[in-house]
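These are the structures in question, set out in turn.
Each of the next two complexes has subunit A plus one other chain: subunit B in the first, subunit C in the second.
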Partner chain A sequence: MTNFVLRRIIGVVIVAVLTLLLLVATRTMESALLSPRTWLGWLLVVIVLFLASYRVRKQFSMLPLGSSAGWLQCHIYVGLLSLPVFLLHSGAQWPGGLIEVMTGLLFLIVFCTGVVGLILTRTIPPRLTDRGEEVIRERIPVFIRILREEAEAAVAGAKDEAPSEVLSELYLRRLHSFFQRPTNFFSHVIHSAKPRTGLLSALADTRRFLNTQDEQTMERLAECVRRKDDLDYQYTMQSLLKYWLFLHVPLTWAMIVFASCHVVTAMAYTSQ
Partner chain B sequence: MSQASVNQRSIDRPRRWDMPFSQEAGHDSVLTDADIDSLLANDAFSRIDPDGFKRSVPLREILRNDVRLVDFEQGDVIVRQGDWGSSAFFILSGAVRVELDRGDDASSGLIQGRQEKTKKTLFQSLAQLWQNNRHAEFRNPDAKQTDSGNIRSVGGVTRVYISDVSAVIEKHKTARMDAGHWFGELAALGRTPRVATVFADETSTLLEIRWQGLRDILRFDRDQGLKTYIESVFRERALASLLRTERLFADISDQEMANLMPHCRLETFGEYDTAKPFREMSGDSVDAVRNEPVIAEEGDYPNAIFLIRSGVARLSQKHHAGRRTVGYLNPGRVFGLTEVLRGFRSGQSTAYDARLSAIGYLNAVVIPARIVEDLLRSGAISDPEDSCRPVPQGARGTVNENLLNFLVDGKYVQGTETMVIDMDRCTRCDDCVRACAATHDNNPRFIRHGPVSGRHMVANACMHCLDPVCMIECPTGAIHRDTLGGLVLINDQTCIGCAQCASNCPFDAIRMVETRNAAGAILVDSKNAPILEATKCDLCHDQLGGPACQRACPHDALERVDLQSQSALEGVIAR
Partner chain C sequence: MTEPLQQFDWKSSSYERPGDVWVCGKACDGMPCRLGPGADGECSVHSQCQPEQVGDRYRCTRSVLHGGKCADGPNPDGTCCQADESCQPRMSLLKRRKVAGAVCVSISLAICLITFSDSSPQTLLSPGAVTSAHAALEANCAACHVAGEAHSGLLSNAFLAHDSLADSEKCLHCHQDIGAAPLSPHSVDGNALTELTADAAANSNSSVVSRTLTAFIHSGPPDQTRSCATCHQEHHGRSFDLAKLSDQQCQTCHKAQFDDFAHGHPEFEHFPHATRPNIYFDHARHINAYFAANDLPSHIPDKKSLSACSTCHKPDAAGGMMLTVDFQHTCASCHESQIVDLPFPGVPFFAVTQVAEQPRTEPGEIPIYGHWPVTESSLREMPPLMSLLLRGGASGTSTLGITPELIWQCKQLLLKVRNVGETALTERLPEAHSLLHGPLAELGPLLVAVSTSWFPGLRDEMAAHMTNQPLPKSPDVATPEHQAMPPVRGWYISDADRTIRYRPVAHADPVLRRLLDYLVPLVGSETVPKELQELFTALANPSGSGEISRSGPLATGRCLSCHTTSTDDDGILRVNWNTKVPRDHVAFTSFRHEPHMQIEGANLCLTCHQILNDQQTPEFFRPEYFTRDDLGRWKPQPETSCPLSSGFDAIKQSHCASCHNESTASQTCLECHNYHVHSP
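Then we have the complex of A and B:
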């Protein structure tokens, strides 16, 4: 059993035990005619602030605040624990009132984006390793430009050769836009090979109209298509690994704003 | 193809002595026949029989091409403690002083142009948030030590000197060496760090010899005078402590140690003829394995054990028509002991389990097997029942064989702080790069990119090599090894931007950058040429908490791994 698997098992067990303890404590308080919702609310506030502090930790990478990996592990399992706390706090009922609805809605969205992010960060990296050359995302447009120039040079042919009309026409119709920028984002998200297969088939279909030399050009073009498609895949997957945070982080801060309003109003009504 | 076109493209095949030592790196003196005659008449060489040398490597040509005469003024620093040695010195006239306060950073720092190692305080660490410069590669021109008067240029060679020799002699413990003495020969032959700083005590003329020349003299000198001298120095100064690092000899009595030492031979294997050995060796990894100098052959009778002093060796075994790497040995490791012990226990003839070959070069102490057996028989050393080969990996270990080949063929096994990234966990978030920038005045000191084997990437970051060839020929000692932690560091204040280190680094881990002032303008010299400086990973030696890159990785993907440690490597692989 690897260290990571063992760590995962321990984390899940701890969350399960804590959830059970919270459930027992809540039921015990309710049977004693005490309301557990207030302290569950405060517990949730502490949890949310702790979860949000991970972002702050990242800004202080120069300070000896423990490893980011350790923080992330805590972030994940405390985040998982936050759901049962939220459900117990809300009584597993949909709240009424704008502030409460927004707070609850944002909490659930942030929780879900967190889970999605966790799944993405655990599933995408091995796929990136398996497919295509390792590239830095910001450098991908440069590599695409190089491929485009290579493909255009192949289609244009050698200095003293007439370019193949079949390939030129196909390039303008199908490949020109393909080589302009990263493409087929959603196809790569769902791991569909349809665009790649389609382009390679279109190229293969021209074979009957080509002489030997043009066939070689077609093979070079096909190779460029494969490499460009691999780059697109890298771009899409690396983008996904970045984009989910654009939802998770800003919505966290929005949730904190609404949660603060909720705390203030709840305290105001409690004190009356 | 016409002869003319062939001539147009052809160049002279590079040869060993195309560039005599006397004309290297700013030196432009040429040894005349009279100089060589004078040297041959000197006591250091007069007893050497020139007829013992190969016709292709005559003694006279060794002196002409591998030797240079260097004049030093009083106070000039000749070698610095911690520098990597690639040449030895013989004092022809004058005298030098050896600094004996070894390991004393504070005192050494005064005369070496090195950086004082201090950690930032908590507030200084935090202040990096707002104090980091907006512009890349900011340097304060006033902080350069070149203006402080302890660096001077002599005929194109930059030299560090001590301005007040008498004060240094008064303050530090030193020893004087007069004409007729060698120094630096052990570091040169073993490519190990200089153990002491040596400076000129008066105006002196020194003979400096490349280690290759020294090696050939030792090899072909029938009289063996110089070899005897060097081995006696090695036995006197270093052998006993080196042998005691091996568990087998750790508890041996002084008397038995004295009996053992005369039988030990100090040997250098392999070819390491330039400062860029790995680049020259690069190419087909299959050929690399085939062409490596064999030290001990698999299946041969184990007539000696090898205690590695410097360099890295490959262990390989025959596998069908080729060879597969099963491990590597680094300094302090022993080869052949398992086989010798097995033979001793069983009383039967045994053979080496694997081939030992030098990756580049290897310096080792060779101990005859019969001596070890005699010591075991007499009870002077005890048979360690649980002994085993130190780094058996690959086919029999937990480390994937392909990964092992990748690490050995790429020479990454040199690394003591190799940045290994598990690409199956890395989300390419670049938190490591941002953390590196945050702790280095907004300048990241590595590139999150590099060669990949399976799911492991060796990123383009300084590995703080066991044998840091980048340090060879640094004229000011700006790139140096931290005497306490073994890190390879660059002192901004004494780096003169010569790029020697960057061109020597086999892994392209050192980048030359154009420096800027506070306004963001590129600093230039009087000829309007940009002021360059060498930069690389310093493992956050001045930061609290260790390497920021590793601490900042949220997914445990990035690790700084000491590839000298089997458990460290396995720890990363078997997660």
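Then we have the complex of A and C:
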């Protein structure tokens, strides 16, 4: 058993045990005619603030606040714990007021995006190493340009040779837009090879019209298509690793705003 | 093998800064400049220079960093020959995420501000629908919450000046029927609850661990006030049960803890006989002795079977209590004649009694007390009320016979009654005004009648006595032969023993009832004249005879043989004239008979109400709710020392647990107990 698996098991067990303890504490407090929801609400506030402070930790990396990896682990497992705390706090009942609806809705969205992010960050990196060349996302447009230039050079042919009309037409019709920018985002999200296969098939279909030299040009084009498609895959996957945060982080701040109003409202209106 | 696209050598691999706010506008085309945009979002590329004029020529000033001097140099007009290659930098992903965050926060704040504005409907703040009973108040937060009155003080209400009991006060505006101390546990006054808690703790059989844990969790004092929302939590939907309370929640405060009703619930103590029933009725004796010959049908109206408890008991309209059918349909067939009791002479209120010290007189000589028409049957003791009237309310010593002084007082009273009517009585005994003008209102006319018939020369005799003249000889009054008491009901004059008596008319006799209502509250008081005590004896002594201080079969009317007495809420002793009446208050324990009577196969009433046998009954059936003290005065017995069980064994908890157990899932605390104990 690897350290990673062991760590994950320990983390999940701790979350499960804490959930169980919270459940028992809640039931006990309910029996004691105390107000467990109030205490769970404050616990949830602390949890949310702790989770949000991970961003602060990354912002002020120069401060001795512990390793980012350690913070991430705490962020993950405390985040998982927040769901049972939320359910116990709300009584697994959907609220009715606007403030409460927004708070609950945003919490669930933030939690779900966090889970999605966790899944993405755990599944995408191995795939990135399995397919194509590992590149830095910010450099992908440069590499696309290089491949585009290489493909265009191949289609244009040597100085003293006329370019193949078949390949030129195919390039203009199918490959020109393909080499302009990262493409087929959603096909890569679902790991579909259809666009890639389609382009390579179109190139292969031209073989019967090509002479030996043009066939070599076609092979170079096919290689450029493969590499471009791999770059697109890298771009898509790395973008996913960044885009989920566009939901997770901004909605966290919105949730904190609504949660603050909820706290004030609940404390002012509580009759217990 | 194809050449890798990405190079990591220091020359061909620039340092990527994803944390920068801006990125080159040409990066998406794959041609980012190495400098990148500045921190302010301005493009750093300056492909054009500002040529410097030197004399009449222009000189290129482009730096080496931007490509060095151009070979062609500036244009003739002094402008740079290079094309403008600057770009429009774009925001980085990080910056876009921050902008998205700012937008989300702004929208959220706007929504919150709109929600908290006074013009917005208050339902926007509602955390959930209220129960249908409160649905009409849903749009008006201020109806239940102090915080709902104004949003301006929301923060202050939340953290500084929050008072949860203030909201409870709003609940009580509508819910006014839950007792005088509605915010105290069980609506019971704090001091009383503290005493009850101390008693419960002393008798608790809970384990030390259990009690310690309870005390740890629930540290508040037992008399601490609780807000309504402690138990009744709203905003959980239209059909939410606001009154739901779990057994565990009950046991949080209760010192005697147990698993469930079938296991560990305290045994009932004399339930339901902890309080005295209104009617003393010996079920065991009636069923086992009087009705043993199964001749009940001959006595009971409708000829119902002996085993039918419903002959005498019917459930009330709510099906909760078993009420007793009225007297005429139950007891009258056997007991009405005993109430009227024609062989019994009735209670004397006035009597020409024997003279205590008979002075020696010569034959034909008029005694010093004048004409006093005693007979051989005349009583030797004055009736209590007569004694009080003659002494003007002062209590006298008990002597056998009447003294001459009191005879003159009596004659004076009779003469005044004859002259002015019954006001003469109230003048002598003003404290008994309600008595003399109430149940004894007919006594005045009767006194007038006897003053004429028994004292024909009274006016002349009194005039001579007052002026110290020789007493005139009064006309003879015929002395009747020995005769039986007339068999009349109510007031009557007995010439045989020269008395005015009262005999009950029927059940619920109004005179006796009002007399007892007057006398019973006075019993036990140190200031009550002994004469009233004696009158009480005549009317109430369960072992009395109707004659003062003489033991006999039963008292007049035998009212208190069946009707018990209880102390009312004001601490005044009252006679329980009515049988059990439907409760007008919510007690801690409630029981509905009607559903239990539908159980098939059960021996219905006798399943729970088990009749005691003769060996067990005496302790319960002696109606000792009045006892005499050392001075011979009557004292009421407290109910707790004389509960009376009507011949039934106390109901055992195991009876109930045979049905109310885990299998039927009907053993929660609220099955039998009410939380709010209160009177209307």
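In this text, the second predicted complex is superposed on the first by the 270 of 272 C-alpha atoms of A that agree within 3 Å, B and C clash if a C-alpha of one lies under 4 Å from a C-alpha of the other, contacts with A are read in each partner's own complex, and residues count from 1 in each chain.
The rule is simple: a residue touches a chain if its C-beta (ideal position, glycine included) is under 8 Å from a C-beta of that chain, and two chains touch if they have at least 3 such contacts.
Here the structure is a predicted model, which is why all the values come from computation and not from measurement.
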| query | Given the touch rule stated above, what does A:I136 touch, subunit B (first), subunit C (second), both, or neither? | reply | both
| note | Between subunit B and subunit C, more residues of subunit A are touched by C
| Once the shared chain is lined up, is A:Q238 touching subunit B (first), subunit C (second), both, or neither of them? | first
| query | With the two structures laid over each other on chain A, which partner does A:F186 touch: subunit B (first), subunit C (second), both, or neither? | reply | neither
| said: Output check: A:C261 vs subunit B and subunit C. Expected answer is one of first, second, both, neither. What do you get? | reply: second
| message | Which partner chains sit in contact with A:F246 here, subunit B, subunit C, both or neither? Use first/second/both/neither. | response | second
| subunit A positions touched by subunit B in one structure and by subunit C in the second | 134, 136, 242
| field | Partner subunit A, residues of subunit C touching it in the complex | value | 2, 4-6, 16, 18, 23, 27-32, 93, 96-97, 100-101, 103-105, 107-109, 111-112, 115-116, 123-129, 141, 144-145, 147-148, 154-155, 157-159, 162, 164, 167-168, 217-218, 226-231, 233, 235-237, 246, 248-249, 251-253
| said: Considering only the defined contacts, which subunit B positions touch subunit A in the complex? | reply: 122, 125-126, 128-129, 423-429, 431, 434-435, 438-439, 448-449, 452, 455, 457, 543-545, 548, 550-557, 574-575
| request: Under the touch definition given earlier, write down the residues of subunit A that touch subunit B in their complex. | output: 2-4, 58-69, 71-72, 121, 124-126, 128-129, 134, 136-137, 238, 241-242
| message | Under the stated contact criterion, what part of subunit A meets subunit C in this complex? | response | 27-34, 91, 93, 95-100, 102, 133-136, 138-139, 141-148, 181, 223, 227, 231, 242, 245-246, 249-251, 253-254, 257-258, 261, 263-272
